[in-house]
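Order of writing sets the labels: A, B, C and D. Residues in every chain begin at 1.
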Amino acid sequence: MERTAILTQLLEMGAAVALAPLFLGWVTQCRAWLQNRSAPPVWLPYRAIRKLFHKDAVLAQDASPLFRIAPYVVFGTMVVAAAIIPSMSTLPLNRAADAIALVGLFATARVFMSLAAMDVGTAFGTFGARREMMVGFLAEPALLMVIFVASLISQSTALPVISEALATQALGLYPSLAFTAVAFTLVLLAENARIPVDNPATHLELTMIHEAMLLEYSARHLALMEWAAALKLFNYACIGFALFLPWGLATGAAGPQALALAIPALLAKLAVAGLGIAVIETLSAKLRVFRVPEFLAAAFLFAVLGMLVHQLLGA
Amino acid sequence: MELALLLVIPLAGALLLALTGARPRAPELNVAFSAGALLAAVALAVRVIAEGELLLGREQFFVDPFNVFLITLTAFVGLTTSLFSRSYMRVEVDHGRIGAGRLRLYHSMYQLFMATMLVALTTNNMGLLWVAMEAATLSTVLLVTLYRTPASLEAGWKYFILCGVGIALALFGTILLYFAAEKVLGAEGVTALLWTHLDAVKARLEPTVLELAFVFLLVGYGTKAGLVPLHNWLPDAHAEGPTPISAVLSGLLLNVAIYAVVRCKVLVEGSLQSSIPSQMLMGFGVASVVLASFLLWRQRDIKRLFAYSSIEHMGIITFAFGMGGPVANFAALLHMTVHSLTKSAIFFAVGHAAQKAGSQLMDDIRGLITTSPTIGWGLLAGTLAILGVPPFGVFASEFLILTTAMREQPWATPILLVALGVAFAAIFGRVQPMVFGETSLRRLPHPPALLPVFTHLGVVLLLGLYVPPYLADWYRLAARLVGGH
Amino acid sequence: MPVDLNAPLPACLALIGAWALIGAAGLLRPSSVRFAGRTLFPLGAIVGLGLAAVAAVGLARPAEQVVLAIGLPDLPFHLRRDALASVFLVMLGAAAAGISLFAAGYFRRGEGTPPGLLCFQYHLFLASMGLVLLADDAYAFMVAWESMALASYFLVVSQHRIPEIRRAGFLYFVVAHVGAISLLLCFGVLQGGSWLFTFDAMRAASLAPGAATLAFALALIGFGAKAGLVPLHVWLPEAHPAAPSPVSALMSGVMLKTAVYGTLRVTFDLLGEPHWSWGLVPLAVGLGSAFYGVVFAAVQTDMKRLLAYSSVENLGLAFAGVGLAIVFHGVGMRALAVLATIAAIYHCVNHAFMKSLLFLGTGAVLHATGERNLGRLGGLLRRMPWTAWIVLVGVLAIAGLPPLNGFVSEWLLLQAFLFSSEVPVNFIDMLLPLCAAVVALCAALAGYVMVKFYGVIFLGQPREAALARAHDCGWLERLGMLWLAAGCIALGLFPAQVVAVLGEVAGGLLGEVPPRPAAPWWLLVPLPDREASYGPLAFLLVAAAVIVVTAVVVRAVYHQRVRRSAAWDCGFARLDARMQDTAEGFGQPIRNIFQPFFRIQRELPDPFDAEPRYRVTVGDRIWGYAYVPLGALVRRLADLAAYVQRGRIATYLLYSFLTLLTLLALVLWNGPRS
Amino acid sequence: MNTVAWDLQLLNLFAALLLLLSFAMLSQRRIVSLVNLLALQGLMLWAATLLLAWRTHQGHLYMSAALTFGLKVVLLPWLLHRMIRRLKVYWETEPVINPAATMLVGVLIVIFSFGLAQPIAELASTTTRSALGIAVSVILLAFLMMITRRKALSQVVGFLSMENGLFFGAMSATYGMPMVVELGVALDVLVAMLVLGVFFFQIREQFDSLDLHHLESLRERD
């Protein structure tokens, strides 16, 4: 592979890792504004991560090596996911994994996080792991149906090919894509522990899912876990852009000036998405845990409707 | 000369054992006589294979590949049963269930019973065949009531009355046969009842008379073979008598009865164009298999369970002979052999197991494998063999019968398979807790004789995997003799 | 003896014979653990490896036949090795090698049948499975098929002192026998009228559509009973936990796959042109079994029952793949049919390695702790590190996580489902993509089940004090598990090569060898004209690189200071092991969401209980709806039939009297013959 | 037209009497008179055989007549009477279950037997072919008697009456069976009687009554 491809690959991975906490900060800031609170600075997550890296790591007595490896594995998988998702341009590594492999990757991260949570053997860890897996196994089929609908339209499951096909499609109202977009947003909210499914800010034992798993972590492991969570949100956003806002992606052959154009496009899309997420979070309240299956069943239903509409109306 | 030897040895044995039956060496004598009979039978078989059919004793005795294989089988099982009865009776005498007088009666009747069966198999004269069958019934009645318990008395009475009536009807069938034969063969008396003559001239016999004769003969000898509507005596008789007798009854006497039915079918089929005899046989066969397999579910006595299993297998054999044709006949003969070998092996193991537990109720027999592995494994292997589980020979013959049935009588195959499945669940469900699990059985005073069990199962396993060529030709020859379309 | 490589069938037969001989050798000294354990089982493992190697060589060779002397006089045993049989032989050999190695260290004195007898039954089981894959006529197939069932039955009831194990053995053998009966009927229909029961005759016979459908239905029932498809699955969760772990590994790993082999053989080889509508039945039943199996696996509290239900799920997915292949084949989309068949066979091979590894893991745990109930395990990662880490590979594989092999077969299956929308039959082209959602749901739930399995057993605090004395397994057992884990990793990282080989096999079976896609060796592209690809090796390298870089950067830039302290207990001082999530707890969301599936009995403590206990038992509804009424029906019929035998001699005489009269009337009514 | 020879008329008379005796035995309650009727039946059989032997000048028929007389008229009834005395059942009576129905069934059986024997009779060359129908009905009536009886002894009498029917059938169809078979059958019947004797004493000893409802314990279902 020629050097420029590797360069763009590394650039994009670096950009993703760097931009993720910013995106998270931006979402928290929008939320604060909407709830007319004084907003924390946008770069607050960066400072939090830097602070955590300096602290001494505190581990439980009988925490096993799995507990200490898990943060690195989760962070690693999220970075690889970022390397695969064409946030700015089609990347050489895209051929290595298509959308289904991506879902598998997220599943790996989720499994490792759950196992680590169960390792210490406290009530909260196992509690969180159980709920995370429940949300996981309900969200995955919906996500796969979303990808299916997209691949039905573009005859392939590789993300760059899908986004390119959708980008070059004649502009127009596509109900199937609309339904799938709704489904995807619901899945995004569930997977990233946003408000309707789980409140990212809370540490209330009974309701937290994602936070429960990080309870035992401290210092650099917690930093990595937080960073990975931010990166996950960023990845999901990028998948959303690739499927539903495919314009502004530098296709492989376009060269450096297309890349220059792609960065502001990505930032703009991120801003819009962040605002969107904040609006949804302020408007909805957190569901009881056993309402989550209906929430995700709704997501699955939307995806299936999208597919049926595509099959029947061909749109 | 071998035939004379074959018939004289058991008779002489019966007489000698009548006098010395109670002495300590009597069981060995019994074994010796049975061994002698087996040697004579093997010699006769070799001669028949070499020279083909034999007409001996002024045409009164006729030996062809069909009945010589049954004779060898009878003599072989007779020998192994006498071996088994040697140790079984020693334990029974120790337990005080049998006195010296009855032991003498047992040994002499045993040899007499072997003699009557061998005569029935070798005779050419249908009348003599009837007399031999009646004599066989008489000798076994005394054996069934050996223990003098109320149950054995009742079993003996029912056995005697039902089989007596059955055999009487068979006599009337023979009379009608004689009547039809006399019209064609002239009335100078003796040759009219000889099977060889009847076989030669069967095309010209009067169809209506033959049909009626076949009905009487079928109901008569069918009662002896335990076919369903006429089977009621069989479970009681096979369960109440001493186990060696149950083994010989289930293993051999049923075969002789089926042999007689087949002899008559050959004659009747020759003269009739209609297939009524085969349909009757098939009807009896399917009815026996279905009813016996459902009756298996309620059994609590181990020997009654395997008696019903005998009814079921007799049903399969009758159904196969009913279908006729070379493959079905071959399979029926194979099934006869493996069934008598397996069933007698099972009764050997059951005998020892019942003695160990002191009762024939299956709930009292538990954990055989833990106390005496040989009996336990013997019973389990025998049960698996009788249920038609593949490596054993019973599956080979059932495979042939069922596949032939699929071609000629497709209606019968699902019924048979469902019945076989029900029987499988019933028998295996009862034998498994007996063989496995915790145990409370006490040891036997004398070591059990397990050589017969494993020789039988070894032969059945061999027949399942590899039917030696000369045996295969022997069966094919017999199958062609039994004929049918 | 010189093994000439272009005709490996005699070599395969020799190796299968070697297995039987090893088994027989076991009988010489039945009670000595050293003889059976140290010499015979390792020997069996080597023979297994040999068989895998020879069969692998045979993959590329053309099919060959041999007729043995044994069998029925006019139907001797015909044996045939073709590509399909070779693939399954490779699977059998490789899995058996690992499992036998594990078994060498696993069997100890005093547990059920003496080791020598166990070795005999074990190797007879292996030999009969080998024969099933090679059989080429109905009689040989049936003999091998039921000998396989018989040998495995003896292995299942090896600890026959426990009543549940006897009941499980009985149930297993009866269902196996019912399956065999329907197979016998299927062969009867299949021979079509040529009345030769060799498979060649069946291939030549052209059946009427009705007969072919009947044959397919009977074959599906027969093989479904062995594979544990839903209505006939009740024996599987009873029999597998009852068997000793290496045996349940062999049964789950390899024996269930003979059913998939049989279905493929009957549908594509013997029947030749299956109608597309046939495919819908295995597809629907397969997906139903997959969903049913995984949902029940999630609520189990016994680790081996959990794995047994997981086998039901995986076999369901395999049959769904086969069903899809039949649908594609029927409508003429041959390339996609090959893809679906590849997915099904690949899933069987994967499952053989993954599930065997997990069952061996439970075996090691069972020997270390003597406990099977998940409620009394926990925290074994610290005491049994070797077992825990190797089993982790199996857990990740079966949960379908990318770099490992479980993901590859699911990926292929989903790709196949993706194209199912192009099936030119209306309604079906919409329903099939929905099936993809069910496959995805099952895969996700499998992840849930495996997290529960691994988390409750190996992670967290030990729930019983006795677990502190648990010791890791011997080196032989580790070697066996390592071999299987290596198999999982290899199958996961080099899918392109495996799919190429399976392509030839499936192509040979379906009559169309797929063109090799032009892709680098490390990339798996299912169909040349489609833009989907998956390169696990690159994937793994990049991930490893990133993880190493992060670790190095974090350690280099920041300090490595670590301090140990008590786990966070929210201020509530007495945090003990019982506060962890129990197996029932972990299954609670599934019980709650999929309520109608289960027959739940709750035992709630009442306030006056001295020692209150909360117990919930989850039953199988199908047992109540199908099997209990069936048993009752047979018992009622038996009671009805018993009226015939009421003891009065007069009634018996009446029976024979009436039989005589009816027969005479029958003869008279037919009128005199001319 | 039927100036049938006088001996044929006599033969038909004996056959008719044989049928009448069967009906009588069907409804007889006292066991002792039952045995006497059996002896009478044997006598009729002997007379018919003797007449037939004289008419057809067949040597072996004389032998068969002598055998029948010795066995069926003298020995068997004597044995039965001795047993009745030893078992002290001399005065025992046995209620016949609704005699009217049994009679009706008996008549139907006779009609059925004649219908059955019709085609055979036309083919028979023997003079007494018409008696074949009677032989079949005697057999079936004896069968019916065994079914309706509740006592062991009367069941045996039914069995012997069936034997008489068989012999009469042989006589009328084919002038008797070959001598070796007749001897065999006679020997079997004699041995059967001895065995039954042993049975009676054992049953009496076990159940101190010959009633058959004691012998109903071996059953699947009550």
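Throughout what follows, a contact is a pair of C-beta atoms (placed from the backbone, for glycine too) under 8 Å apart; a residue touches a chain by one contact, two chains touch by 3 or more.
Note that the structure is a prediction, hence the values are computed from the model and not measured.
The leading chain pair by number of C-beta pairs in contact is A-C. Computed from the mean C-alpha positions, the centre of chain C lies at a distance of 70 Å from the centre of chain D.
Separating the centre of chain B from that of chain C, both taken as means of CA atoms, is a distance of 44 Å. Computed from the mean C-alpha positions, the centre of chain B lies at a distance of 31 Å from the centre of chain D.
Our note on geometry: chain A versus chain B, Cα centroid distance of 79 Å, whole angstroms. Residues of chain B in contact with at least two other chains: 157-158, 161, 165, 169, 208, 212, 235, 295, 298. Counting partner chains per residue, chain A has no residue touching two or more of them. The set of chain D residues touching two or more other chains comprises 116, 119, 143, 146, 155, 215-218, 220-221.
According to the touch criterion at the top of this document, the contacting chain pairs are A-C, B-C, B-D, C-D.
Listed in rising order, the residues of chain D touching chain C in the complex are 112, 115-116, 119, 140, 143-144, 146-150, 155, 212-213, 215-222. The part of chain B that touches chain D in the complex is made up of residues 125, 127-128, 130-131, 134-135, 138, 141-142, 145, 148, 150-151, 153-158, 160-161, 164-165, 168-169, 171-172, 175-176, 178-179, 182-183, 187, 189-190, 192-193, 206, 208-209, 212, 235-236, 239-240, 295, 298.
Residue ranges of chain C in contact with chain D, taken from their complex: 639, 642-650, 653-654, 657, 660-661, 664, 668, 672. Of all the residues in chain C, the ones that touch chain B in their complex are 69-73, 138-139, 142-147, 150, 157, 160-161, 163, 166, 169-170, 173-174, 177-178, 181, 184-185, 187-189, 191, 193, 195, 197, 634-635, 637-642, 644-645, 649, 652-653, 655-656, 658-660, 663-664, 666-667, 670, 672-673. Residues 157-158, 161-162, 165-166, 169, 207-208, 211-212, 215-216, 218-219, 223, 229-230, 232-233, 235, 272-274, 276, 280, 291, 294-298, 369-370, 384, 387, 389-391, 395-396, 399-400, 402-403, 406-407, 413-414, 417, 420-422, 424-426, 428-429, 432-433, 436-438, 464-467, 469, 472, 475-476 of chain B touch chain C in their complex.
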